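First chain written, first letter: the chains are A, B, C, D, E and F, and each begins at residue 1.
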């Protein structure tokens, strides 16, 4: 199995509902380092998993749709706790849609799976892994 | 599949028995960065894998039970080479006991598995992965 | 010259005023890794710069006074752009006050200076350096 | 499952053929951080996955066979795009041959698998995972 | 004193002349992580050292002028060993020219100095520091 | 001003005397990442600060003289608290002696200064800076 990973980041405000979140129930924020990992069993005709330039561009566009925002005000997240692990799934699913739409090229249709990891600090991170 | 990871560290002395360990047969020590990864198939009602505050606290307590010690003097490790990979298992198993005892909350009973990684330097680390 | 550095982090929401900030004029947020460096010419009687336990505790208290907040709502920052470099100064000054008040011990009165660095992402950070 | 990982690095020149590579079609270069991960189900009699000294030495020899070279001039890579993911496989396969030849000791015959990750920058990396 | 730092990277091929360089006399390559640090005594009217967006853009343009090239073929470096420390100076000087030309805005004329650090691997880096 | 830095690491056991050290009065240990920075005003005839190969070798020898030991048993440290900041000075001074003895080559006589930084964990490090 092969994989490539590209990294970007986003900076958002949000708050959580539920006692489990303690002081994070207040409006606060986070920088998330975002690592998107693309997997496939065999390399394509160019000897790569996927065009790293396209992967970086598409991750940048998905991240750009969330960046510099207060997630509490985003209709897409109404009534939802935008936890790190949940946001990893949001980004993975949006990348999967783009792959299905051909945004990473025809070769990317051979991708087997996708993992998105969000680092909220140097001491905590979360991942979502899914098939394609 | 979702996961969250929290990081702590511990500083211990120990020595190894066996020629394979070369100069590490002498009493020396290590700082271990300790990453504990908790996995589950679906998020809970709070939209999280597990309460990151509880996960950090419980990891801190497990690490605290080993920290600032000479492992050669610990009865729990009598006659045992406390290699990085072995200590990863010790910490994973102690976390698993706490999860089973409810220390990470009722929701943590839905956890599927656990991985503990110990970094002994910037150029070497070890992991143990287990089911829950 | 000697120094020791301890790291903590904080997670806040804020917005900026001024066209130069582009999309960061919107309410967003950041995780700041906070590194506090304490400098002195000679080591003290314990052969240290300052008690690293006290340094960690005091940095934690200063960081705790800012953490999990929307800085736009903090009276201390009314009408102020809470840029990364500005926040580095805020934290340095608050640490300097604590040092002057004896919170880091008598020995800390021998400290020569202080630098605080805030990392807002893996690709951008800012520092403030001051004498004591 | 247990694993240990050791890190080394190599510095090479190369170029790519194919429009997908854009400016990387020109002769350029890279520093690759190389992480080799060795996996096995149970620890050996010394309580380890594999002798970390031998693992470091063998990785060093495999890396040394590629280091400080223009890969475009290496017969082994004639007509091949030496992408990061492809080089991860080259290194994994060369390590696997050495393991089979006994270079990591008799105990290493119990290894279940191997993953090699090459970091080409702080924002991009690639892996190859294989059984043994 | 205040500073901000932004990070980019570049990937080049080159070779060195002189026995001191050993195997690095062969054509090889490097990924350089490039950190540009801008210093000033007081913050400007926006409460910043310099517009981080402009700093990132200008560093990107300077880096872009070197990226994906064989430095042995660049007329600007004819007969010159393009060591990591020398390249740090090249990038610092090119940034200084842009600052003098107003590319970082009028406020950047208040900058006191500049440091450029190039990381050639996880175990080696070099810096050049200059006044403005 | 120019500098180059090389990194190595060491793994030792030790204990501290003095109430300020709390649980670190017990025999424990540490991995120290060791960064040695060499500074000079102008580059030498090879366009470098110092031969990075020699710098790495000499740092390795200094580190090797401390590695895999219980510092409490070393005559050189009898009655001394081997704090991180103190060990940074020990390593800096030993490197300075080697530079004076010509171990880094004739060119190294032009070095202006030296800084050694020891990272004891991901959240704490210490430095010693000296002239040459």
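Convention: a residue touches a chain if its C-beta (ideal position, glycine included) is under 8 Å from a C-beta of that chain, and two chains touch if they have at least 3 such contacts.
Each chain and its UniProt protein: A, B, C, D, E, F = 6-carboxy-5,6,7,8-tetrahydropterin synthase.
Keep in mind the model is a prediction, meaning the values are calculated, not measured.
Between chain C and chain F, the least number of touch steps comes to 1. A comparison of the B-D and D-E interfaces places the larger number of contacting C-beta pairs at D-E. At the far end from chain F, in terms of centres built from Cα atoms, lies A.
Chain C and chain E have centres, each the mean of its CA atoms, that are 27 Å apart. If you average the CA atoms of chain B and of chain F, the two centres end up 30 Å from each other. Counting only residues that touch two or more partner chains, chain E has 7, 122-123. Listed in rising order, the residues of chain F touching chain C in the complex are 16, 18, 20-22, 80-86, 88-89, 122-130. Interface residues of chain E facing chain C in the complex, by the touch rule stated above, are 1-8, 43, 46-49, 51-53, 56, 105.
On the side of chain B, the complex with chain F involves touching residues 7, 9, 11-14, 23-24, 26-33, 67-70, 73, 120-123.
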